[in-house]
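Some structures to go through are shown next.
You will see two complexes here that share chain A, one where it goes with chain B and one where it goes with chain C.
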Partner chain A sequence: MAAEANNAKPTFLSPPQEGEKPIVSLRGITKRFPGVIALDHIDLDIYPGTVHALLGENGAGKSTLVKVLYGIYTPDEGEIIINGRPTRLTSPADAINTGIVMVSQSPQIIDTLTVAENIILGLEKYNHLVPVTKVYKIIREESKRVGIKIEPSIEVWRLSYTQKQLVEILRAILLGAKVLLLDEAITYLPIEEKQRFYKFIRQFADEGGTVVLITHKIYEAMDVADKITVLRRGKVAGHLDRKEATIEKIRALMFGERSAEITYERLPTAQPEPKTVLEVKDLWVMGDFGGYAVQGVSLEVKKGEVLGIAGVAGNGQKELIQAIMRLRPIIKGRIIYNGEDITRKTTYYLRINGVGYIPDLPAKYGVSIENSIIENIAVLPVYSRGIINWDKVKELALKLIKEYEIKTPSPDTPVKFLSGGNIMKVLVARELTVATNLLVAYNPTRALDEATAIKVRKVIKEKVLKNKVSAIIASEDLDEIFQISDRIAVMNSGKIVGVFPADKAKREEIEHLMVM
Partner chain B sequence: MVIIRRVKPLPYWIIPIIALLAGIAISVIILYVLMGASPAAVLSAIVYGFTRPGVVAKTFVALTIVGIALLVSFKGSIWNIGGEGQITFGLMAATWVALFTALPYINPGLAQASMILLAMVAGGVWALLAALPRAYLGLDEVPVTLIMNYIAYYIVDILVRGPWLGKHVYNYIRTDTIPSQVMFPQVPGTTMTWDGLLLLIILLIGVWYLLKNTSIGLRIKILGNNPNLLRSSGISVPLMIIVALTISGIIAGSVGALYLGGDVYRISYPIEVHTANYGYTGILVAWLSMLELIAVPIAAYIVSALYTAGIQYQILVGGHLGQLITAGSAIVDVFIGSILLMYTILITISEYKIRIIVKKR
Partner chain C sequence: MPGSIASFIIGVSSIFLAYYLAAVGHGLMEKSGVLNLAIDGVFTLGVAVAFAISVYTFSVPLAIFIAMIVAALFGLMLAFITTKLPISHGAAGLSTMFLGYGLAALVGLPARQLQINGRSLATIQPSLGGTWIWFYVVAFAVAVGVWCLVEKTKIGAAIRAAGENPASAEALGVNVLAVRLFASGVGYALIGIGAALFELAYTQVWSQGAGMGYGWIAFAISLSAGRHPILILISAMIFAVLDKYRFLIAAIYNLPPDVGKMLPFVAAIAAMIIFMVTPLRRKLAPPKSLGKIYFREERSV
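Take a look at the complex of A and B:
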């Protein structure tokens, strides 16, 4: 097993093959932020024609490292060597000029423009006098070549998340990318879309391109990478070749002693009480692009149980969850919470009556990153009606920071200075505290690394078992569904196609129902 | 030498101060090149402005209050450009109390309070009218509030030409002068009134408390940063937009009463020529304060000192150069424009820093 990297003399577990030179090399890259060392003497070699995965738990320094590679951050120490030449990257434009292009987890494209307009924006070689038809032609040809299907004349807001990511990739390729930085760019894609992406990544590398895949999901790295570098607490924990890598090895490097806690065993099954906490009756909800996303869904959640909703992304789970939270209009049907019809009630009513909510994309919907941790807690109506008792909120914040091991200099720190995983922890901690009766969640652990995700599931389940709280959790991660649920409902094309007790459910059967 | 993006922002007070100094320097150059104005005279006028708190006081009070008003809505990313209209509506309401009710003769103290309170209500209503389409139809509040300034002007103009035209004004088109009972008493040795000073203190403390300790204040701040969080927390976003803009209008409206009771004592036609433009100048105050409440009075003092300096310069050299008779307010505009320009440029530049790297051999 690889030991912690020695700072003074880096050890390279996978030496370059004969005659091959790295396209990008990092030597002693160090980046400090007030109070923390985000990167501590990182050494890394990336070779052309390979897919190189950068793995690490939340807050390990992956994002910072990518930002250094993309010219967003300038390192305090160390050197970036591109094609054998020491290079100083001071802006993304610099990076793009050297052939390094980043695709991030949140698509950086403008919703009101068309695909073609978005793509041409960043491309200097196609100036604004080029006829639209020619641009369309270039895009169609190029997208066909790389195996991406996209219609250039469509406005971006009509596209799904996956398609937006495809547009980003296409733009990167048209920009002449030799090194693609994928910063959690595929983490949020549904499984079958991921497979298509893997194929594309493979093809890109086989044609001599280089892909740096930044992820906290081990299987993503195992699926597609040739080489894996694990970061831990700002240092290189080890370099692995795909051939020698095993999940156990990687986990040990990523989490150290915490890797022992990783298990996908089912958490204890709850003994629900007969009382129904949430009942959904024949619910019809519209999607974003017209048409019914939820088509006559009926389900119920008993007091003290977890109902998991399994399904491939885009089958109406998001709309169902939002309708339950009263964030989306209900066209037909009824929702009953604690015996009361809430079809015409507001989100506010739910929030002051013991309902916690963990939305998807936490930084966008669940927290305000410019505000402090305390303010992000105080915003909930249960803590702020009229005058805010800051002492009380601060006390709670300190308690949650300790309980959930949130890494932050203080509770007054703006959330934007926390790592993605820690932001998610702030959200989960806050929502579990207000969920005295019901927790509604959508992909609650997607932004978290394995060890933290499992911990969050344990905390949720503990709350369900101990305090008899109910939970309805929709997730695209079947491992999560199996681990935490007491009953599993499968959602497909806006309908519930089957409900199973989790301890007797067969994985194959559920997978089959999900894609049928 | 390389230019890189800053990770840690500069302390927020540095930029306004550099902008101020650079803006003054540029103004001096512009005035010298274009008008042959002696830099010494301009600078001495500026020194005069900054060292005469008693003279500056009236403008200072008005601009601080407008600055506070705009800060409340700016914190929520609601860009209230309608301070001017809200002030005009406040002016109208206060005039009504002073001229068309018997209150000034019954209870002058109550009358003065009513002038201010009713002005606040009127300012609030005018802002609310802009807030509703913003909240429920998503209509951009910037053009709406801006256009409503002119509607407010013309409503007052119609009143002054018609039903409110004074009986003792000869051929001037203006209202009668308000009764002396409701002329706000002045703080001795200054141009400001006790009413204005008191109101300023109440508003400063009130808004500080609002933003720091109340749920409304916190929600306004979060509205400015991420309205999605409000939504998922169960708080109505349209309602918070209405609250932020209306509070802003209520505070701005009070300046209309101060302007009437402590400065002009009547409305002259056309109001758009006779306005002090506090609603627009207040935008500069709010920006120079970097949306920090404690910095609003400082920014207001600086702007009002420059305002006074422009007028003082006109007095100093007015007889010397004929064209300078109307140049007083133009000089104020040069100052304010230069500072705002410098401020805008520096805000962008401040995100970067220059680092000189010596190459090791």
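Take a look at the complex of A and C:
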């Protein structure tokens, strides 16, 4: 199709502005990993004063491209031209020196260090023996100017996700960033924070800065970008001006023929049976840093229905899900699964009794990235009690790879060689296979692109409808909640503040309850 | 009895400083994320080098200096190969340890032959002219210096960042290789000085295998104090006393001598448990990426 760029002669590049030269140009950038061509002759021009979005589905090569731009990977072929000069970036320090700074989806700042220590590491003007307290003043002044409040002496592990991202942005500014690489940096922020970031991005670009926004969310690109480049399977699928861009056009470039599958219509409503599969009674659970994160939650899930838990990040959903999976101590209350009180049971018990679990941050908590897909399947107690039948597991792995279109050279490849989205697919595929009775999930499609996310939701719902599996799914994505749920419970400040049948629920009302 | 207290303080001063420097050097290196399993081999080599140079040149400063340089070179080599290449820290460290044992024999035996034939060995006597006072002064000065360096300066933050998460540290602008070379070079220089003092100020004799096992004790001293330069003062002192007086202690409590030999290690386990059950746990936690292979050109999540 037309969108498939021919790498021999680039189809079209962004038209140069009058007299303006690109601040960063990429010519024929190619990067290979064992068994995968992550980037295949990429050409790209980025102009100063613009917000340039890089869109693509999972595994399209967005993250790899950004890492090349930031000197984390050195390209196997091709040239990076910065301010008209061919430049070799061999480390992030090189990139920072040329004014390129990255903020990524998972905060790179280090938990055990203070905010100031994290920031000073990149500041060239300070020599190695300078006391860290030297930067306190600058941090306080600059954070005030940007309109955020950050105490330089605080250790980073005490900060929330949003605060960490704020520190990252502040750091980028203090490093004198001319080109800001935002690698899904705002994708997972709560709506309000996102709006503030959009404003900041606009202001930064208006003052002459350049922003490269890497995202798999089309809306995000449409909201702030001036120019959009779509990547597909390691190649440039097309460049668009914001003015000419429509969601349909972008989807066609991103997904090709799969774009027709994208729909936000509600999936068919289930007809649950009267039997209760999961019952939570007056549950109290502690958060990470003291205080109750879950405060007297009661809910139930019937056989063959999806209960969606809506809420802004950090309102106790994570702790609730972990408590249900018996991964977090229960202070008070009871959990009953299939008529059995599991308050004192272990995760192992749930796992051998038909419970699938999709945690947040899959690369950290869901799979072991050093191991292969086969091993990541075999590790579940359902397969590894006694002697593992490797042939059977391999067969299953191959089946799942095909079914879920997991991009991997082989089922024996360590999972860390896959892209973030594909790692998520490995996890979802595995868990849906073991969830013969109940699926417990937190942001199950967060790292996935639209087409894959919708496919995953369909697969989950199909399983619920066909096999009468129950599901409890907490998500910060309200579209997801509405699309997949049969009932919606809203969680706010550790409490359930309302439960609605999904077909009758009003979006405004739920949004209101979420932030109330 | 003030006299016996003084002789006690003087008596442990040399082994205390030797242990302290080796342990603090080890801790500094590991803070940067390089697992140091070569310590015993290089310590043994440092002991042999100091002995040999002292026999050949009869110069204590030169002996300490050369031992320091030789050890530092090993530190640089370890940091380089484990950071630049995807090589297991454990394999690199243990291989280097055996290399150290072998080289120690190679370096020490000819000098020992000379000594048997009548050449004498230059040593330091802690009790002479208040030298022992300087031993304590140096230990405390190094403690404060290393603590300030690690906890208060930019390079200290860089060392800790490289040990916690080298990939993130690199993204934050740290040159992980340079930082690890620095921490390991300085760390091993301190280990080398410690080894030289062990030979020249403490045992003052040499036979094949001298110093073997003492590197591991320095390892345990550092570990049991959570690699913290100030706390290592305490654990180094405890181990110094146990080493110097273990047979006396065994005799007083009527324990078999083999139990006496075990005392330092029992103390190490006890110290680690004490630290880990108190709130010190978070402060003294090992670097998260200690010993993990860090290879930049690899796809990572």
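Methods note: the second predicted complex is superposed on the first by the 495 of 516 C-alpha atoms of A that agree within 3 Å, B and C clash if a C-alpha of one lies under 4 Å from a C-alpha of the other, contacts with A are read in each partner's own complex, and residues count from 1 in each chain.
One rule holds in what follows: a residue touches a chain if its C-beta (ideal position, glycine included) is under 8 Å from a C-beta of that chain, and two chains touch if they have at least 3 such contacts.
Predicted model, so just to flag it, every value in this text is computed and none were measured.
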Query: After the match on chain A, would you call chain B and chain C a fit or a clash?
result: clash
Query: Of the partners chain B and chain C, which touch A:Ile369 in the superposed model: first, second, both, neither?
result: both
- request: With the two complexes superposed on chain A, say which partner A:Leu213 touches: chain B (first), chain C (second), both, or neither.
  value: neither
Message: I'd like to know which partner A:Ile72 touches here: chain B for first, chain C for second, both or neither.
response: both
Field: Contacts of A:Pro381 with chain B and chain C, given as first, second, both or neither
entry: first
Message: Looking at A:Phe33 after the superposition, I want to know if it touches chain B, chain C, both of them or none. Which is it: first, second, both, neither?
response: both
- prompt: Does chain B (first) or chain C (second) touch A:Leu465, or do both, or does neither?
  reply: neither
- prompt: So, does A:Val280 touch the first partner chain B, the second partner chain C, both, or neither?
  reply: neither
Query: Touch check for A:Arg351: first (chain B), second (chain C), both, or neither?
result: first
- request: Would you check which partner chain A:Ser91 touches, where first means chain B only, second means chain C only, and both and neither mean what they say?
  value: both
Field: When the two complexes are fitted on chain A, the stretch of chain C hitting chain B, from 59-67, 77-85 or 149-157
entry: 77-85
Query: Both chain B and chain C touch chain A; at which residues?
result: 33, 72-74, 91, 369
Query: Hey, which residues of chain A end up touching chain C in the complex?
result: 33, 38, 64, 70, 72-74, 91-93, 96, 102, 104, 108-113, 117-118, 120-124, 126-133, 171, 175, 363, 369, 416-418, 420, 423
Query: Within the complex, which stretch of chain B touches chain A?
result: 2-5, 7-8, 213-215, 218-219, 221-222, 225-226, 228-236, 355
- prompt: Which residues of chain A touch chain B in their complex?
  reply: 33-34, 72-74, 88, 90-91, 325, 327, 346-352, 357, 359, 364-371, 375-376, 378-381, 384-388, 390
Query: What residues on chain C touch chain A, complex-wise?
result: 149, 152-158, 160-161, 164-165, 168-175, 285, 288, 296-301
